[in-house]
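In the two complexes that follow, subunit A is the common piece, with subunit B as its partner first and subunit C second.
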Partner chain A sequence: MARMKFLCDADRCIECNGCVTACKNEHEVPWGVNRRRVVTLDDGVPGEKSISVACMHCTDAPCAAVCPVDCFYTTDDGIVLHDKDLCIGCGYCLYACPFGAPQFPQKEAFGVRGKMDKCTFCAGGPEEDNSAAEHEKYGRNRVAEGKLPLCAEMCSTKALLAGDGDQVSDIYRERITKRGGRPETWGWDTAYKKGDA
Partner chain B sequence: MRAETITRKPRNRRRIAVVTVALSMLLAMALPLTGYIAHDAGMAWAQSDDAAEEAANPRAEYWRAVREGQDGYSAVPGAEAGVLVQNGGENWRSLRDGPLKFFGGSLLIAVLIAIIGKHLAMGKDRLDSPTGRKMTRWSGFDRALHWYVGISFIILSITGLSLQFGRALLIPLLGKEGFAAWAQLAKPVHDYLALPFLVGFTLMLLIWIPRNILRSHDFAWLRSLGGMIRKDHPQAGFMNGGEKIFFWILFFGGVALMVSGFYLLFPNLGWERETMQLSHIVHSASGVFLIAISLGHIYLGSVGVEGVLEGMVSGEVDEAFAKQHHNLWYDEVKGIAPPDKSSAAPDVSGATPTT
Partner chain C sequence: MTSNIIKASRLLALAMVVGITSLSSTGCTQRSEITWHEPGVYKGSDDPLLAKQQDPQHIEALKERFIMGQSDR
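This part shows the complex of A and B:
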């Protein structure tokens, strides 16, 4: 069984924001919602690094633990999804998430946020695969079509890797061996438990 | 001489006991702190190790800063979009799902058991000899304010507790869909009722301050728990000692509740996640605590003590009630001079005397 993970190679990411655009276009997410974002550290100075980040689909997902209506579930592939029909828009997942992944379509007074939206690893939601209802709420379900997330597929420098954790780390390890330097599986120590292949 | 030592002995023994208990408590608190010294020493070692590592690999420091919430630049707009890792959420999660749920839930259950136990053991506190003559205790405005705040507090409590404990208690009963339907109603009700509650509650707390200033006879009341421990009738003015303590818990707990609630209610004002996490902890802790003491208030104000509810519903109480529970207020209204001036300074009363 695959265990899906994201890995962003900080030595390759050029902050083109292609992943962000691809994601928005593929899933037709509402205005103001960005399931993925690129963060640049030490912007404009030597040693600048960029990282593309979205939901990391954590092993022991904090969002799922704190959700008052228990709307999250983890698929057999280790993808963390949620049911928008149950979501009450309380924002607790946003308080708990270390990566800032949960997004809300509205930011209004009286805590009105609307239903939470986040990266689905292009795996849709609880509705029937690629049904109109699923597409409207969660965007396309590429995993059901045997494809991997579009952000990684579109990445021009192949900095962003998505797929089975073992294969992703094999590819990354090979790169490190060739180019030298230390491996930095950014965010993995926060998101994944040891031994979670 | 000898007689003196004998009489002193129990006192000495008590003093020794007190000092021993205090010392052992102090040690019990201080000893675990030595762990910090060991920890800090260890930290110093670890840091020098890291320093050596940084010289070889400057990236180590870089990624540590990222893990600790270092801010970067992001083209995507939004609060804290530049932060890659925010660790506060893990602390918030463990506080909310651990101590807050455990101690909050235990407190509510303990209060319910205490109320039921008290009622079974002591029964209703009845009036000794009702006279049928009435005294005005609560004005129409006071009563309207009380019930307005009380009813909104109960609605806010039920909706708030649903978000805190619903997943554990209500999902097994209602199912996920059923509970989500209730929660989707409960959340906006809680949010929109918050401001009207805030206005009423603030007004109530402010205008009832003068009646609730603690006086010397209130401490005597508290020492005998209103006659529950010693079977006497301790002195009380318009409000008794217990009611005053309840008021001041409401006052300070209420301020914490309303300030933290304000932050949770207006995420649009751009608070960072850390603020929301802290506000949530303060809000649910103060909320559960106020609910717990309000259960006691509701019990004593309804089935616990005869005559209280009548006063808050009709505004009038039996003279026997006033004499029995608020003797200083009764004397004041009736124009009876207090027997001892020092113990019975005139208590501010909100009611006008009637016959």
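This part shows the complex of A and C:
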């Protein structure tokens, strides 16, 4: 069984925000809700790095662990989804998530006000696949159509990869072998570099 | 004229009786479909995608899609 994963190659990301736009457009995500965003480290400084961040569909998802109504479920291929009919909009998942993935709409524009919204890996929710109810609450279900997340498929530099973890790691390993080293975006040099307080 | 007034007052009385009866019986029924919470157990509706993910053709289609669209050229 495949294990679906996102990976953003920081050496390739050019901060074009194409992934953010693709996600917004595909799922008709309202203003104020960002299922995906691009974070830039050392913005404006030579050597800056950007990474595209959304729900990482954690294996042991902390959002699911803290949810008081257990509205989360994980599909067989590791996609973490939730049921908005059960969600009470408490916000515990936002505190637990290390990526800031859970979003809470401020207006009555996408699903019900106050219910949590997040990246679904373009796999919708528990409603009938690609039904009007599913589209209104969770956006389009591309996985049910045999497609992969649009953010990755739209990425012009192929920095953002989304698919079976084995296939994703094969591609990344090949790139690293060609480059002759891994990026120091999250490494020791970033965490303990000189000049930081 | 008088019969109309009597008719209207009877209707009004009937409406009041129905209203008072329905108000007084509010909350007397018991909901049978209560979902009891159990820690760590998802009790929402079933996602039809889960069944689809077992289909080998669907799995293969996603793998081919990845190679076609995301592998380096």
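Going forward, the second predicted complex is superposed on the first by the 175 of 197 C-alpha atoms of A that agree within 3 Å, B and C clash if a C-alpha of one lies under 4 Å from a C-alpha of the other, contacts with A are read in each partner's own complex, and residues count from 1 in each chain.
The rule is short, and it goes like this: a residue touches a chain if its C-beta (ideal position, glycine included) is under 8 Å from a C-beta of that chain, and two chains touch if they have at least 3 such contacts.
Because the structure is predicted, anything quoted here is derived from the model rather than measured.
*Asks:* Kindly classify A:D43 by the partners it touches after superposition: subunit B alone (first), subunit C alone (second), both, or neither?
*Replies:* first
*Asks:* Who does A:D85 touch here: subunit B (first), subunit C (second), both, or neither?
*Replies:* A:D85 sits against subunit B and subunit C alike.
*Asks:* Return first, second, both or neither, reflecting whether A:K158 touches subunit B, subunit C, both chains, or no partner chain.
*Replies:* A:K158 contacts subunit C only, not subunit B.
*Asks:* Applying the document's definition of touch, where does A:A96 land relative to subunit B and subunit C: first, second, both, or neither?
*Replies:* In the superposition, A:A96 touches subunit B alone.
*Asks:* For A:D70, using the defined touch cut-off, is the partner it touches subunit B, subunit C, both, or neither? Pick first, second, both or neither.
*Replies:* Touch partners of A:D70: subunit B and subunit C.
*Asks:* Which residues form the common part of the subunit A surface touched by subunit B and by subunit C?
*Replies:* Correct list for subunit A: 69-71, 85-86.
*Asks:* Contact residues on subunit B for subunit A in the complex?
*Replies:* Listed in rising order, the residues of subunit B that touch subunit A are 57-59, 62-63, 66-67, 70, 72-76, 78, 80-87, 89-90, 92-93, 96-97, 162-164, 166-167, 171, 176-177, 179-180, 183-184, 187-188, 191-192, 194, 264-268, 273, 276-277, 280.
*Asks:* In their complex, what parts of subunit A are in touch with subunit C?
*Replies:* Touching subunit C from subunit A are residues 1-2, 69-73, 75-77, 81, 83, 85-86, 123-129, 141, 143-144, 146-148, 152-153, 158, 161-164, 167, 171, 174-175.
*Asks:* Where on subunit C is subunit A touching in the complex?
*Replies:* Residues 37-50, 52-54, 58-59, 61-63, 65-67, 69-72.
*Asks:* Within their complex, state which residues of subunit A touch subunit B.
*Replies:* On the subunit A side, the touching residues are 15, 17, 20, 32, 34, 37-43, 47, 49, 51, 53, 62, 65-71, 85-92, 94-100, 107-113, 181-182, 184, 186-187, 189-190.
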